[in-house]
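Please read the structure below before turning to the comments.
Labels run A, B, C, D and E following the written order; every chain starts at residue 1.
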């Protein structure tokens, strides 16, 4: 649809108050990533300005809630600290991401090959998913020691379930027409897997990976809370003990930045790998 | 498909080792919830037996990992404690669920009515989603005090994002044909919303509710960790510090039970509300 | 009491025997008697409870010496006006077969302690002529000690769950407390905003009187006190809290010094020494004095139980 | 081939006046801009008289739907003017002068058949002067022979039945014009044949003006009085054929040799375009 | 109407033998059990000779696809026997005696056109004695006039082109039998007409036996030598019509009055069933 099309979606009849914003937005391109970025930027800035105003007007002390300026200042001051502590967290999150997703996909494949295993263990896996991972972090630590292992394990566990669920769905949600075709061609189970299920599952797996890439950062942080002397989770706790709320917020933003970067990388990979339109049946 | 259909899905050619299980499963009904429950039960039991064996054979000390028998014993002993502490957690989770989802849907509706607000704040909301909620729990406590409010807030925040994302997708993923029909009928924005978008979004919203109902229990538990003398989160932490791992595991199972119950309730509601097939276009 | 005043007390940790006196004072109505309507807020692992005082959520909090020093160092407007524990209990345990009999033996060892305990460890090491670089500081608790993931683990001797595992160890155990190794601060300080101390001294006085009575009653009626504790915090276990409370009262609440100076007594000299040690390590500013962290006016104004 | 049969309106359209229902003059629609610019239709002039049944045919993507959507006020033409009974398409839409039937039945799956047919009364009626000229929804369902299915959900119906519901919904407002965009394209041939006959019966009864887009040359010939053949993109009108068939058209006529001959003629016009 | 035109096989099917390619005897298919039991087809006997073009027609849901799927070894008949060149459908499938074309083109969207056509060589070939009798994939694409699109992805093609890829994939193994289940049902009529002519050309060249399911009476008459009319469920064979048309069938013939007459005859057979 474009400008010729009468506004079917009916989006802009009510110009409620925000005329100025409207006027500005008219200057922007009509669509595309530039507009998304600019509009998102305007929105985010308005939140930041509002936050700064609340802090200034009500004189909220910075040790309770820092103002955006305090946070920016903390980032400027602490960027070296944040960067060096991001390294172990990224390492843990990355390893957890690899291991968790690898195991999840392997389990999903075993489910595809053996229906009985799936029937026996898939319901259990779904139930285990409801267990708060954060609660079993201490248990993992006791079992795996003080090194990087328990952090990787928490990150991996957090990745495991969304990917398992999506991979199982993806491997089985193959178009029945394609399966019928493969049957008529007398394809073996492995051939069906290699030529059909694998590709059919990719879009599902990628949408799980996009969830789990942000979750695994959280997993690594929680893992660090139960015992670490480096990493984003460590700095987070330490800033809390030090009453350094600007640094606390800066650290939270760093965590969020890592998650966003991971998300972006997976999204680019997805674009490179999935060159067809998964929605379309041809 | 049924038994007459040659196995296109190709599920059971390779009988790898587990002949006995195969023989048992042949006795079960071919499909339906009974088979799912029975097979899941067999799978779960096999895990529990394996766990008990590992604990017994390797003599794992109970302060590390309790054996299933210890856990059952703890449940038997502590069920009154667990039940009474489940009440506040359920209350917090439930309130958080209501508030978080209500706000998310309200925001999504405002997005539908004003595209510019959506363009400005939706990207920000997505970014905020990458912030580890667990990390801002202490900040919420500073802002909201020590009562039930911060726990409800954590639960609500955790529910907010999946529902927002799905509701926005649902409200906009309406079949363009239906929108065109409404345009030809000169329907107002509110009428389009009331007769089309609302129903179109329901399946998406319910799939978000099914995620957030388990998440909000986790939220309430994490909220309780920042300070409580009742609730599942409290019992969890206290059991951890007491090295009472049987009770710790029993508490984790209780949390998981609450989540499963919530999931079941939402699923039943979904069945009652969505009486049409959302996949079908008619 | 006519119009009682609302006061919120933030505990330093999950409710347990270490805050028995306060919980008893609430349960037995000692706060009511002095005209205070007290609400007790529990703490937990992911909270810095002094923040509650700063934000106004709580008027009074119970906190630890390092927290107070860091807050003072940051210029935050809080002050301590008493301390229930006469000695900080933090003690470093090791298994007998490791033969660690003094801090000097820590060289090359893996020390398991909280993230926030690093300065305490540094002071102890410094006193023994070592530095943090001579050890490996990891976060570990008693199970890690038994699993040989750490050589030394820090805990409170009042923590019966921890101690039970160590005491049962066939090879015996060794222990070094911070108190005996040159770091003498107290614990479970009562903290308020400086502003509160100035404007509502009477309220703090009343609070102190009630808490004094609470701990005294607790000391005299330990079994009943444990029952009340478990009622307040239902996940507590009587068989763990009973010995814990006994140790707390014997060793930490009532000591020789309280016999002389009364409950919750605070030594300004020890505060000054501790601040000096921390300043020497660069943890806090040199210019901090005991007056920045402690105010004696409440203790001076309130007559308190003298016993040991 | 010049016999324009003007059916006697028996139902609700004003009788008699053989005036222009739709007047298109110099219609031009261009989509996009820059190097993505697509000129879909170019310079279309077309008059449809009151009560006429006109079909639009042409190769896929030639702009049939676009032209229909210009009449229905879904797309504004880049150039040219469209008049519906002398009014702009926008005003005609608000006055419910026309109804539209799409290739898919476009029903609300969450509502019953009756509620679906009632939709035009529930939405957009604030613009209407009076709704007195409307039909009862049950009556509309009877017209398409679905009165027994009022409380069924669309999912319970077959494809052909769903399309009949869509037609009932279009008829319920007694529109003077019915715009149909391949309404039977998704149905199988046997069902399609039946619905063709039914549509003709309704058209006859109601005296509505119908503009009908189709891919099927047989269907176009069998149904219409005039068939408009559109050329490839940018589409103009390649030619208009007046259909030479008796005004009473039954299923038997479907396989009549006269239809074959006229289909052949359309086919050659299409190949030329 | 008794002139069975046996085209001269020019390409790969063994010449001459007018033996039975497919023999169905007493085929009966029942789905489900208990009160959900559906008897789809009942007691079907049918012989298809080598090189013949046979169409199956019938109302929707009558069991046309079911019958085809029995031949293709996708469904085992509840009763009765199916033989393909004297072998069981299972053996015939493994030996690649037949290929199947579905209503949707069923291409792998992630592979190029050429890779899609090569699929039969990549999978299931472990069962084959030798692949010497197969065709080159590029040659198969040339046969359907798509040799320029070898490296395109299916999404870049139109519906008609996709269906031609599916036909190329079916032909590439040089099957003796081609089973087609409404292969052109999803295409618009103009494209469909073109593909009909192309299919006939290929059939003529290759001498393959074709069993063709369709909803379109016109298509059935235009394409086949025999049309099998199936009754409503439980479906049996209502009648078989031998088509009376010249063996050389071009697009002009589409609108021939002889087709109209034979369609009318099929229509009456269907109504009887």
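Throughout what follows, a contact is a pair of C-beta atoms (placed from the backbone, for glycine too) under 8 Å apart; a residue touches a chain by one contact, two chains touch by 3 or more.
No experiment lies behind these values; they were computed from the predicted model shown.
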Chains contacting each of chain A and chain C, listed by label
B
Dominant interface by contact count, named by its two chains
A-B
Using just the Cα atoms, superpose chain D onto chain E and tell me the rotation angle to the nearest 5°.
180
So, in whole Å, the Cα centroid of chain B is separated from that of chain E by 49
What is the distance, in whole Å, between the centres of chain D and chain E, each centre taken as the mean of its C-alpha atoms?
35
With chain centres defined as C-alpha means, what is the inter-centre distance between chain C and chain D in Å?
85
Contacts with two or more other chains, residues of chain E listed in rising order:
73-74
Shared-interface residues of chain B (touching two or more other chains) are 6, 8, 64, 138, 142-143, 180, 182-183, 188, 192
Of all residues in chain C, the ones touching two or more other chains:
46, 48, 51, 55, 143, 147
Chain D contact footprint on chain E (complex, rising order)
59-60, 158, 185, 188-191, 215-218, 251-252, 254-257, 259-261, 263-264, 267, 270
Residues of chain E defined as touching chain A within the complex
72-74, 93-94, 96, 99-100, 102, 104-110, 119-120, 122-124, 126-127, 153-155, 157, 162
Quick one: in the complex, what on chain B touches chain A?
6, 8-14, 16, 18, 21-22, 25, 35-37, 39-40, 42-44, 46-47, 64-65, 113-117, 119-124, 127-132, 134-136, 138-139, 142-143, 176, 179-180, 182-183, 188-189, 192, 214, 217-218, 221-222, 236, 240, 245, 248, 251-253, 255-256, 259-260, 263
Residue ranges of chain C touching chain A (in the complex, touch as defined)
46, 48, 50-51, 54-55, 67, 70-71, 74, 76, 110, 112, 115-116, 118, 137-140, 143-144, 147, 149-150
Under the touch definition given earlier, write down the residues of chain B that touch chain C in their complex.
61, 63-64, 81, 84-85, 137-138, 141-143, 145-146, 224-230, 234-235, 237-239, 241-244, 247
